[in-house]
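Multiple structures are listed underneath, in C-alpha cells.
Shared between the two complexes below is chain A, which has chain B as its partner in the first and chain C in the second.
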Partner chain A sequence: MEKVECIVVGGGLAGLSAAYGLADAGVEVMVLERGDYSGAKNVTGGRLYASPIRSFYPELWEEAPFERAVARELVTMLGDGAQTTIEVASDRFTADPPQSYTVLRARFDQWLAEKVGEKGGMVVPNMKVDALLREEGRIIGIRAGEDEIGADVVIVAEGVLRLLSSEAGLAAEPVDRDHALGFKEVIELPPGVIEDRWHLNPGEGAAQLFLGNVTDGMLGGGFLYTNKESISLGVVVGMKAMRERAEKAKPQDASESYQLLDRFKALPQIRPLVAGGTVAEYSAHAIPEGGIAAVPKLAGDGYLMAGDAAGLALNALITVRGMDFAIASGYYAAEAVKAAKARADFSAAGLAGYEASLRGSFVLKDLQTASQIPAFMENPRLFTHYPRAVSRLLEQIYTVGPGPTPGLFKTAWGGIRRDFMNTGTVKDAWSARRI
Partner chain B sequence: MDIVVCVKTNPDLQMVRVKNREAVVEAVPYKLGDLDKNALETAIQLRDAAGGTITAVSVAEGNRKIRETIKEALAMGADSAAVVDDPALAGADPAAVAAVLAAAVKKLPGCDLVLFGEGSTDNYSGQVGPRVAELLGVPQVGFARKVEAVDGAVRCERSMDEMIETLEVALPAAVTVVSEINEPRIPSLMHIMKAKSKPVEEWTLADLGVDAGAVAARREIVSNLAEEQDRKHVLFEGSAAEQADAFVNALIKEGVLGR
Partner chain C sequence: MSDESTMKIDAKLGLDVFKLDKEPHIVIDTEVCRTLCVDRACLYVCPASLYELDDTGRMTVNWEGCLECGTCMICCDKRALTWKYPRGPYGVQYRMS
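Right, the complex of A and B next:
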C-alpha cells in the first residue's frame, strides 16, 4: 500500500489549517477534498472571529481575503408588526487588528488551499474518500475509489455529517437534536449601498441577527452579514424543532424548510435591506449546535478529529462561532502530529496532546462555558414571546394615541408586569443564569 | 509514438458568473480545458496501444495557476510536462501562443504527433492548433473524432455534416480533436500521487530562443461581453387552470411545445 505521513480528509478550514501547519514543518501531508475546490461545499453565515486565532499562523491573516471588518453588531427582535433593534458600534471592534471579519468561503478556502500548496502540502480536489481503513482498532489510511492509501495519521476534518468517522465507529452518527439547518442567499449590492444601509465607513461591515418572527416559533433565527459587494442573508433552524413541527403538521399546512428563507426575505422589515439586490448564490448546510456534550472522542490510534466533524462550533445566541474553532483545532492537530512524529508514536497516547491542547485553549473552554446554552435554547419562548414582548413594550412607550397618554412609568411598568413578570419568565430568567 | 499534447488552463466555466454582461472570474477555480482533456485521452490511448511518450505542454499567458493544472495532465497520464512562463506572455494572443508552442515542440527531443483540442474552453479561437502545424511545417487534421495509429501515420475520422471523412496523414503531424472522440479519464488518487514525481520542465522565452517582441499581442480584445437576451416578461392571470392553459398556449405559439 502506498503511504504518506499524514492524510487530511476534508479541505475546509480545519483540514487546511492542519495541513498548513504540517506542510510548514516539512511533514508529508495530503488533503483530500470532495468538492471541485476547497470552499465549494462550505457554507458559512459568515463571520470569522480572528482575535482567538490571530496568534496561530500570524503571517496568514495579514493577507487573508476577508470581506469586511465587522464594526457594527445588530440584534433585531421581530414582533407582530413591531420590531426592536439593538445596535452596538465600538471603535474597539475594528481597532487594529479588528476582532472579526465577514468572509465568503469559496474565496477564503481556495486561498488557504493555495497557501498549503505553497508550503509543499498537496491538496487534491474532486477526491471523495470512501472509507477510513481500520486495522485492529487503529486507523491506518483511507480508501478512495479503487485506491487504498496508508498514513501514519489521518486527520478527520470531514465536516458536520461525519459520514466516514461514524461508519468507522470513531464517532456516533449525528442526531437532529445537536444540529441546525442553515439556508443562505448571497445577494449582490453595490458597496456604497451596503455602507449607506448599515451606516458603515468604507470597508467596514455589519453583522445582524434576527430573533422572533423568523422561524415560526422553532429554535433558530435569521442572520445578515455584509460582504464587500454582497450581503449574506439566511435563516437557521433547529433540526429537531423542524422534525417535530413536520410530524405535527397537517398535510395541508406542511411547508418545506427552505421556504423559511423566502418568507423571511418577504417580511416588511427585511425587504428594504435587500431591495435592489441580485441573488447570486443559494446554499444550505447543516450546523453543529450540540455544544460540548456532542463533541466526540477527539483522537485515537492513528487519527484526530477536527472542525465541524468534531462538533466544534458554538451558537451562543449573540455570538455564533465555528470557523475560529475549526482553524484552532486544525492548528492543534498539526502541533499534535508534529509531536507524535518526533516520538514516532501515532497511537492514542502519542496523539493525546491534541485533546490536552484543545482543553487548555478557548476551543473547549468556551464550549464548556456555554454548556447550558443548547438546553436553554430549546425554550420556544425565546423565539416567540420575548421578541414580541420587547417590541410591544417599546412600541407602547413610543405610542401617542388620540386620547390622553398614560405616564411613561405607568406604561413601562404595565408592559413589564404583563409580559415579564409571570412564572414562565421567572423560570426562564433562572435558567438563563447559567448561560 | 512520441506525442505532445498542448493544454491550456481555463477558469472553470461552470463557476463563472456574468455581472453587467462581464464575466466575473474572481474566486473562480482554474482547471485544464475540457477539450484538452479529450486530446490528452487520445494521446494516452495511442501511447498505450503503440508505445512512446506523452509530454503535456502549456503556455502561462500570465496565469500562475498553470503549475497546479499541469499536474492534472500528469495525473491523467502524461509522462512529463513543460511549462513556458514569461512575463512577456501576459495577454498573449493565439499567434503568440502558437509561436511559443511551436518553439517548445522543437526544443523537445522528439515529437511525432502534436495533439490539441479543437479550441480552448474559454476563448475558443480554434487558431492555435492550425497555427502550430503551419509553424512546424507539418500537415494538420482538424476536428478529428477518431485517431488511430497506422504504420508511420495516423488515420483520422471527422464528421462533415452529411458524411464522414477518413484521412490518413504521415507523421509528424498535428491533429485537433472534438469532444465526442472519447470520455477523458478521471485520475485516481494513486495516479495523482504518482504525478507528483513526474518531471516538469519550466522554460522562459529565452530558453526557447523566442524574442519577447515576437510574442507581443497583435490582436487587441476590444470588448468581451455576454450576450444580452430580452425576456418576454409575460404574466398569466386567472385561476390556476386558466394560467396553465394560457402558459401552454404561449409555449406552443413560441414553438417550444407541440412541434
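Right, the complex of A and C next:
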C-alpha cells in the first residue's frame, strides 16, 4: 500500500486550511477532493467572518478572492403585509481590515487549493474516498475505488454528512434535529445596481437576514448576501421541523420545501430587491446546527475531525458562522499533526493537542457560549409571533387613520401589552437570558 | 407560481452543471416505503423535488438532478435510502455557490 504522511479527506475550507499549514511546514500531505475542483460541491450562504481567522496564515487574506466587505447588516422581520428592517452600518465593520466578507465557494476554495499547491501540497480532484481504513481501532488510511492509500494520520474534513466517519464508527450519523437545509439562488445583477439597492460604496456589501413569513412557521429564515456581481438569496429551514411538517401534512397538501424560496422571492418586499436579476445557479446543502452538544470526538488514533464533519458551525440567530470555524479547525489540525510528527506519535494521545487548542480558541469557546441556542431556536414563536408582533406594533405607531389618533405612548404600550406581555413571551424572555 | 420572478424547479436545476454517472447514487428500498412509511418526508424535504410516487404508488427518485445535500437521507427515519455521494467525476459541479 502506497503511503503518505497525511491524507486530508475533503478539499473544502477545513481540509485546505489544514493542508496549507502542513505543506508550509514540509509535511507530505495529499488532499482528496471528490469534486471537479475544490468548491465544486460546496455551498455557503454566505459570509466569512475574517476577524477570527486573520492571525492564521495572515499572508493569505490580503489576496483572497472575497466578494464584498460587509458594511451593512440588516435583519428584516416579515409580518403579515408589514415588515420591519433593522439596518446597522458601522465604519468599524469595514475598517481596515474588514471583519467579514461575502464569498462564493467555487472561486474561493479553488484559490485556496492553488495556494496549497504553491506550498507543495497535493490536491487531487475527482477523487471520492469510499472508506476510512481501520486496523485495531486505529485509522491507517483510506480506500478510494480500488486504491488504498496509507497515512500516518488522516484529517477527516469530509463535510456535514460525515458518511465516512459514521461508517467507520468515529462519529454518529447526522440526525434531523441537529441539521438544517439551506438552499439558494445566485442571481446576477450589475455591481452598480447592487450598490444602489443596498446603499453601498463600491466594493462594499450587505448581509440581510429575514425572519417570519419565510418558513411557514418552521425553524429557519431567509438570507441575502451581496456578491460582486450577484446576490445569494436563499432559505434555511430546520430538518426536524420539516420532518414534523411532513408528518402532519394532509394527503392533498402537495407543497414542497423548495417552494419556500419561490414564495419568499415573490413577496412584495423581496421582489424589488431581485428585479432585473438573472438566476445563474441553484444550490443546496445541509448545515450543522446542533451546537456543541453535537460535536463528535475530535481526534483518535490516527485521525482528526475538522470543519462541518466535526459539527463546527454556529447559528447564533444574528451571526451565522461556519467557514471561520472550518479554517480555524484546519489550522489547529495542522498544528497538532506537526507536533505529533515531531514526536512520531500519531495516537490519540499524540494528537490530543488538537482538542486542547480548539478548547482554548474561539471555536469551542463560542460554541460553548452558544450552547443553549439550539434549544432556544426550537421555539416556533421566534419564526411566527415575534416578527409579526414587532411589525404590527411599529405599523400602528406609524399609522394615521381617518379619525382621531391615540397618543404615541398609549399606542406603543397597548401593543407591547398585547403581544409582548403574556405568559408565553415572558417565558421566552426568561429562556433568552441564556443565549 | 405564476409570477415571472419565480422559475420552475426543473428550469432551476437546468442552470446547474451535472456530470451524470450510469449508476444511481441513491437507491430506495421501495418495500420499506410501501410497508413502513406514511409520512413520506422525502417528498417534502428534497430541495430539488426529485422524489415522486409513480402510477403504482411506488417511490422513485430522479437522482440525476441531485444537489447532494443529504436532506432526504437524514429525514428518512425508516432508513429506506442507501445514499452515497456520486463517484469521483460525477454529480453536481457548482460554478459559484
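Brief remarks on what is shown
Everything below uses one rule, namely that the second predicted complex is superposed on the first by the 434 of 435 C-alpha atoms of A that agree within 3 Å, B and C clash if a C-alpha of one lies under 4 Å from a C-alpha of the other, contacts with A are read in each partner's own complex, and residues count from 1 in each chain.
Note that in this section a contact is a pair of C-beta atoms (placed from the backbone, for glycine too) under 8 Å apart; a residue touches a chain by one contact, two chains touch by 3 or more.
Since the model is a prediction, treat every value here as computed from it, not as a measurement.
In the superposed model, A:Val43 lies in contact with chain C only, and not with chain B.
Once the two complexes are laid over each other on the shared chain, residue contacts for A:Asn213 go to neither chain B nor chain C. When both complexes are overlaid on chain A, the residue A:Met122 reaches chain B alone and has no touch with chain C.
In the superposed pair of complexes, A:Thr226 makes contact with neither chain B nor chain C.
Of the two partner chains, both chain B and chain C are touched by A:Gly145. Once the two complexes are laid over each other on the shared chain, residue contacts for A:Gln110 go to chain B alone; chain C is not touched. Between chain B and chain C, it is C that contacts the larger number of residues in chain A. Contacts of A:Met30 after superposition: chain B is touched, whereas chain C is not reached. Touch criterion met: A:Ser257 reaches chain C, while chain B stays clear of it. With both structures placed on the common chain, the touch criterion links A:Glu2 to chain B but leaves chain C unconnected.
Taken together, the two complexes place residues 36-37, 40, 104, 106-107, 126-127, 144-145, 280 of chain A in contact with chain B and also with chain C. Of all the residues in chain B, the ones that touch chain A in their complex are 12, 15, 17, 19, 26-27, 29, 68, 186, 188-190, 192-193, 196.
Residue ranges on chain C touching chain A, taken from their complex, read 1, 3, 5-7, 9, 12-13, 15-16, 19, 39-41, 43-49, 67-71, 73-75, 77, 83-89, 91-97. Those residues of chain A that touch chain B in the complex are listed here as 2, 4, 30, 32, 36-37, 40, 104, 106-107, 110, 117, 122, 124-127, 144-147, 149, 188, 280. Those residues of chain A that touch chain C in the shared complex are 34-37, 39-44, 104-107, 126-128, 144-145, 160-161, 163, 174-176, 179, 181, 183-186, 230, 232, 239, 242-243, 245-247, 249, 255-259, 262, 265-266, 271, 274-275, 279-286.
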